[in-house]
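Shared chain: subunit A. Partners: subunit B in the first complex, subunit C in the second.
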Partner chain A sequence: MAATSVATRPAGLPLQRIRLDVATILCTLLLATVAFVVLYPIVLLAINSFNVAPFGRAATWGLDNWQTALSQPRIVNALKNTVSLAVVRQAIAVVVGIGIAWVLARTNVPGRGWLEMCFWFALLLPVLPILLGWIILLDGHHGLLVTAVRQVFPGFGFDIFSWWGIIAAHLMINLIPLKVFLLTPAFRNMDSSLEEASRASGASTLRTVVRIVIPLMAPTILFVTLLGLIRSMQSFEIELILGGAAKIDVYSTLIYRQVLQSPPQYGTATALSMVVLVGLIPFILLQQHLVARRNFTTVSGKYTNRLYDLGPLKWPTFALIAGLLVFIIVVPVILMILGTFMKVFGVFDLPTGIWTLNNWQRVLADPKLTRGLLNTLTIAGGSMIFSITLFTIIAYVSVRTRYVGRRILDFITWIPSTVPGIVTSLGLLWLFIGTPFFRPLYGTTWVLIIALGFAGLTLGVQLIKASMMQLGAELEEASWASGAGRIYTLRRVVLPLIAPTMAVVALQNFGAAASAVSLVALLGSSNNKPLSLMQLEYMDTGSFEPATVLGVIIFMLTVSAAILARLVSMRWGLGRFDRSR
Partner chain B sequence: MVSTAPQPAPQFGESSAEPVLRLMNVSKSFGRVRAVDDVTLAVREGEVLTLLGPSGCGKTTTLRMVIGLERCSEGEIVYQGRVVDSATTHVHVPTHKRNMGMVFQSYAIWPHMTVFENVAYPLNVRKVKSSIVREQVSRVLELVGLGGLGERPATMLSGGQQQRVALARSLVFEPKILLLDEPFSNLDAKLREQMRAELRILQRRLGITVLFVTHDQIEALSLSDRIAVMDHGRIEQIGSPTQLYLQPQTPIVRDFLGRTIVLRGTVTKQVSDGALAVAVSTGAFGEIMCEPAEADELHEGDPCFIAIRPEQVQVVPAEATGNAGTSGNRLQGVIEALLFIGERYEARIALPWGDHILLYLPPTIAWREGQTVALFFPRDQVRVWNA
Partner chain C sequence: MPRPRYARLLPIALLVTLLAACSAPSGAPGSAGLAASPSQSQDPQARWDQTLAAAKQEGRVVVVTHTDLWYQKEVEAFQAKYPEIQVEQVAMRPSEFTPKVVTEQQNGIYGYDAWISPTSNMVETVAPAGGFENLTPYLILPEVTEGKNYRGGKLLWGTTDPYVLLYQGNVTGNVIVNRDLLPASDFNSFDQLVDPRFKGRIVIRTPNAPQGSALTMTGIVHNKGADFIQKLMVDQQPVFVDNARLLTQDLINGKYAIAMGADTETLDACIREGGCKQVEQVNGYKYLLAYGAGVLKNPPHPNAAAVFVNWFMSKEGQQTFVQTNGDTSRPPHDTAHSIRVDVEPHPDAVADATMPDYAHLEQYSLQGTEFGGPEIRAVLDMYKKVEAGGS
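And then the complex of A and B:
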């Protein structure tokens, strides 16, 4: 026996050798490309943070930028704000998200399919126009809702331009919809007998949720929370607009101010973002560790899913969630659209009347509109296709293959969300202007498509990864056993099952690319100016109302894309996957 | 004498035909853990071979190596005369090119497809004409008892039906071998019995070769032509169900298959025909003559275990045997608890030195708790093992 087992092992060869096959080479190419695009600008910036010469002069090296970055008292304050805002809003969002996800996935609340779709739709709302709608409602002095409540309770005071205002805006605009979107499928796929066993043991519904459902979902919940916390570092627009008036600085707005100063303090800004990047690495590693260790599989290919009967609470529960959705979607969208017909945005007491069609007339008559519309469609459509393809491949390689570099690949996808967008944009600018090889690409539409595609890297990859992790490995293995290769299996089994998530990621990227400003301003040229830059130009000249018209047009493009995606998926029969309906 | 190349000696007992599947010295290591350790076995055409063992014994890993979801760390797997995985030559035929049917533990029914689409999938992969696909799918659905359910969404099925879909999907392309990974573990007891019988009938009808993985000894005993009992990655014994049950060669096989009464004792003497006399417990309560298990060398004075299947112990009321008491492979005991379970009694019997054994008693005698009984251990049914 001993003799044979020695003979079968070639002497001196390690048992596991790295095989150089086509798949490994392709994966390595992917890793190298992604690493280059993500890391190279950051490395450039890191090096330049030691350059203390004023912008445009010959380089002198020193530590001054770092000293300035680390010695400013405002920085400690900004970091404190960043962390406290992130922790509080994530905590609220996770609790609310768990509640809604449980109701949508595990109970017989009426219209749950529609409610879930509304949360899905809420993810596509553009941040800025919606935020403007919220300001109309919740401005501390003449916000519609604030004054209305004050009629009843004279002592009432709430101002959106505050610490809690920032949190409320985040929760309503994207956090709650995102949590519901991420958690609902996981809750739905949980084996219902586990819950039933708890109820049979005499536990109340609340106790069952707290003691059985949440612990079972703990890996998913932790993953969602960490994803949210890490991404909070990047959040910017809401803090800039709401925090500016309230003098609440966070990390990303502080960096923005550094860059906006004259002369721009690029060195300090990058030094600061390096500090945060390094500080976040442990969190990225922690979530990778959690994901690697815990079992996320919830779609196993075996289904028992009985719903919990809410009884008389059915309609009140529905009303509660539908009411929340009215505030998340209907009210801000109506305000956003109304705003485009107002003479002065948000001002309801003008002596000359408040309504006008001028804004729309002015925009629709703008000769640059058609061109801008086409450019937006090209850039946003291109970057949508590019990003969804890239993200799906990255997610598949890091979840479903045994490629040696898969963890590094996954790690790299987290980097962009630790660095504020303006810093990334600067890095890319350096890359294209400073590297002779890439200089000819500068200003082309291709560059815009790729740069905008990478902008949603973290969230996109993580969303697709999460839904891939929920698929039991056996679903794929059964396909291989049936004689299908990897590509065929991907096409017929994996992609149809994650199609709903892919659609959301694609549409989000479409929306983000269509409304992107800073990247396009830095990397684009006059030839490919999209609607978002026209919007910026209107704003710069103080024409705020036409700018919102463009915001609505961009939003309508995203909605059209969403409807199109829905139609296409019904055509392909992918809608059948929606088991909740 | 026309001498050709030397014929390979038939390696695997009575069958001289090339087995459908052969594993030779196959091992699998995960890091430092050896999940499968030097497994050699052959699955013959048309037989059901079961890998039986506790969870974590390496049986599922073995199955996954057979279908190519894991690679061998050592050894070689040959399927239909072709090497499909070899650690030495680095041959590895990927799963989708192996042409083996497999039913997964979770069934792995694709939720976005109908029953028909699930079952037609392997044929579509093989680019079979759609008219033939239709015909073959409906035939195999008929075969597993799902005729007419083709258009159902796969998620709208009961557990038993899902399992039938998985079975149909693995049979539809007529593979040479069917691999079953704990296919019944997700079903309730009644359905499990029913599916077991159905699978057996189906296998007989199709004559398909089956490699079956389970931890359930009843499943293994009732379905298999041969069983390989595995533990800690190694095969303990391969043989027919009756062989394993009646002549287990290792204590692991003995304890894993069926219930066994095991009593501690000491060898007192060796009889000329190879039998041993064993004094149970401290020796004061009687002596049992028994056959030593093949693997063991036992001598006078060695501590040992004697083992017997409960159904082989013959029990009579003590008064019926008169004073024969403890002579002639007999022990005495007292019924401590008596449970009527329908076709028989289950009795917990206290032995004089304090051990307890569980026995089944025929309902034909009026047993009562507290009654003294004589337990007769037939000599050819008692085996003695090294302690």
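And then the complex of A and C:
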């Protein structure tokens, strides 16, 4: 069955001869711009990793940073932990994510639209307050949940400060929501006739999923898995808090600690980052190779989107996913909101009572709140529009043209995700200050929009690309045959078909930009300070509870964007044909 | 084919975003000359009048501060005093402002005039990178330049050369103990930190930067030598935790008995509400944490910078500082005190003995000054060794 669906790769759509030169020039300009913005900071960082002078002093060249980086006694253990943690949590998350995405996109499980939205919301939750909330519940020493379970099962020994605690925290806080978030739109774009043909040939549901659905979804699954693995190399917040006490180092915490030192050791941090970059290149090339060999078209002129009837399993399936969401979104949101009303977060024994409205009153009375809100909307909204436009163009060039540099363009889009943001932010500062083209923009909101827009390059481009690969060429050919031009066809045929994916990418960028801190602090000015920096200022001054209030406000802002994105994608995309939702 | 309505709205949305984004960058390199340098005129009043007139001509000053609310109030007070000089406050953490300003200056961008904040980054990174002006020509008013107005009888500099002038030294040094686990009869002195009985019972905020725990250890190094902290960090097998908030919660909940580098804001809040009766502060060897002011290299508004620094270091500026510090912080207001003799400290500062004996500074580890550098380096290097698995 699978062999009939997974055929040889079709050639890219031919560009019209007259437009070829113009198109090539435009594509080359695009390639050059993207390459410059992505590679310039990294090349500068790489060069400066050989500068052994203290930060800010005249350069002295040497290999000390590399020696320090590579001779770290904990590096081997950190690498082992990084790989083992990444492989285990990705394996669990991919399997669970595929299962849930398939159920939400391909079956008639009740309330699937809302269930999917809840996974979106979970992804937008701020990590630190949620993690501290989980610690209140799952600390092996005094966690509320652990203590309660121990009263029933005295031998219960789970502690969030452990290897499995890190896995569980990652799965709940970001991995499962992210997988569902990224995979569901792709699953939704699958032609149901393929599954129906499989079942008509006698294949079971499981066999259909394994032999038809998963191979057809391979580019997206492969991309999501690879991205997950790459992100595992960068993730440090959870590991730093949970792994520190348990003495579990990972590679990213080694890098983070170099930057955190006083004075910051950017050279050593860059050297460590370069090792990751070089180590990940073969995986990126392998992914490109695997994707290039096959055809993954699932949306053709005969596209149908009939849902699989789960029958009596409908409600149990709903209960299973809803139960998981209780842990992923309901409990964390309750903890986070309760935290904003606590006098001292995490302290449940105060003679004067533990609840207060002061935190909300203090934040709502802050004269900087309105300005911060407007700045957040401008930066996050601008970054979203910029990124979705740029990413769609890059994905289109990579998938739908024969431009000679398209593989290089695609490869470059992977690079930003291989170097930790904490390291690249300094490189971006050099980019915007050191180049005549960008320098006039320095200090303006434009810089933040561009920098934050590019921050989501890998995820955005690869996700839209995977979605475009699902579209059959005949859809565009039919449009051209009717006299429509390339731009008109893109706008009226291609974009509506990939709208759900674009909505996901837009939302992801909006959320990331709204909560970005270090890049905004480094590139922004006092005129464009968003809520995320106000939150940091509250934290700095020991006002954790009001900071959590701002976290909730940012969360609500992003949730509003999520609902909007959902409505737009449903109205504009294939969702409008799905009347059963 | 008909054009959908939302497609028409897209360009409008783009335009709105673009317009909103068009806020101009602040600051550009400009003249670095003071209207009246000491060589041109020896009369302070004449110099002040010329400088003030030139500052009003410049019409603007860009002041970098830390993020605490009192800095904002301080800037507002200056604005009220000199309405002709528009103040732009850039509130940033020193650790974030430092790479930004150094990189900008290396690329010829000079957008800031004065900087007031804790001085570690000023002294350790920005001053050695040539990021400050010599402050002496900027100090004009006699009440600012005369040593008799300062506790200790002289101006106190954070750097060997006159770049960073201190306006406050805050003295502290303590560990927090959970008395449910460790009664006062068992532990009541810093010297007991290396007692083998407490092995594995101490939690320390990771001392990889000059914050709470690392600074507390400089006081120990200053009085007991580096061997003591080696014993503490190696033999006592403490747990290192990165997050101060978490460390504090663990102490309150009885996971650890002794904590170094706890989040004092959280503890103070808990104590104010009548809770956390089981935790107690044990004072020990003190360190001084410096706060200072400087004029950044090639300030775009040099005369306005001079007016701001003179006002800030004056009796009026420092009184405002002590007042706003007390008004904007939650009790105890033990950081509300100034180096000036004519500025009364807040009673909390006196009660908690957070104001140093400026005449005998040798008893403290002077953090945030060049002179405390070797001690904080010893602590940070020792932790690096511990982290690397050596001793």
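Before moving on, here are some points about what is shown:
Definition applied: the second predicted complex is superposed on the first by the 453 of 581 C-alpha atoms of A that agree within 3 Å, B and C clash if a C-alpha of one lies under 4 Å from a C-alpha of the other, contacts with A are read in each partner's own complex, and residues count from 1 in each chain.
Note that in this section contacts are C-beta pairs under 8 Å (C-beta built on N, C-alpha and C of every residue); 3 or more make two chains touch, one makes a residue touch a chain.
None of the values given here were measured: they were computed from a predicted structure.
Judged by the touch definition given at the top, the superposed model places A:K80 against neither subunit B nor subunit C.
Of the two partner chains placed by superposition, only subunit C is touched by A:L132; subunit B is not. When both complexes are overlaid on chain A, the residue A:G434 reaches subunit C alone and has no touch with subunit B.
In the overlay built on the shared chain, the residue A:T378 is in contact with subunit C alone; subunit B does not reach it.
When both complexes are overlaid on chain A, the residue A:N527 reaches subunit C alone and has no touch with subunit B. In the superposition on chain A, contact of A:R207 is made with neither subunit B nor subunit C.
In the superposition on chain A, A:L497 makes contact with subunit B only, while subunit C stays out of contact range. Within the superposed three-chain model, A:R306 lies out of touch with both subunit B and subunit C [touch as defined at top]. The partner of subunit A that touches more of its residues, comparing subunit B with subunit C, is C.
In the overlay built on the shared chain, the residue A:A478 is in contact with subunit B alone; subunit C does not reach it. When both complexes are aligned on chain A by C-alpha atoms, subunit A residues 484, 488, 492 touch subunit B in the first and subunit C in the second. For subunit B in complex with subunit A, the touching residues are 25, 27, 29, 38, 67-69, 73-76, 87-88, 90, 94-102, 104-112, 121-122, 125-126, 153, 155, 159, 162, 166, 169-170, 173, 179, 186. The residues of subunit A lying in touch with subunit B in their complex are 1, 4-5, 8-10, 15-16, 19, 299-304, 472, 474-475, 477-485, 488-489, 492-493, 496-497, 573-574, 576-577, 579. Listing the residues of subunit C that touch subunit A in their complex gives 1, 4, 6-7, 13-14, 17-18, 20-27, 66-69, 88-93, 95-96, 99-100, 102-104, 106-107, 109, 111, 120-121, 124-126, 128-129, 131, 206, 208-210, 239-243, 245-246, 249-250, 252-255, 263-266, 269-270, 273-276, 376, 380, 387-390. Per the touch definition, subunit A reaches subunit C in the complex via residues 54-57, 72-74, 132, 135, 139, 141-142, 240-241, 244-245, 257, 260-264, 343-347, 349-352, 374, 378, 381-382, 385, 426, 429-430, 433-434, 440-446, 449, 484, 488, 491-492, 518, 521-522, 525-528, 536-537, 540-544, 568, 572.
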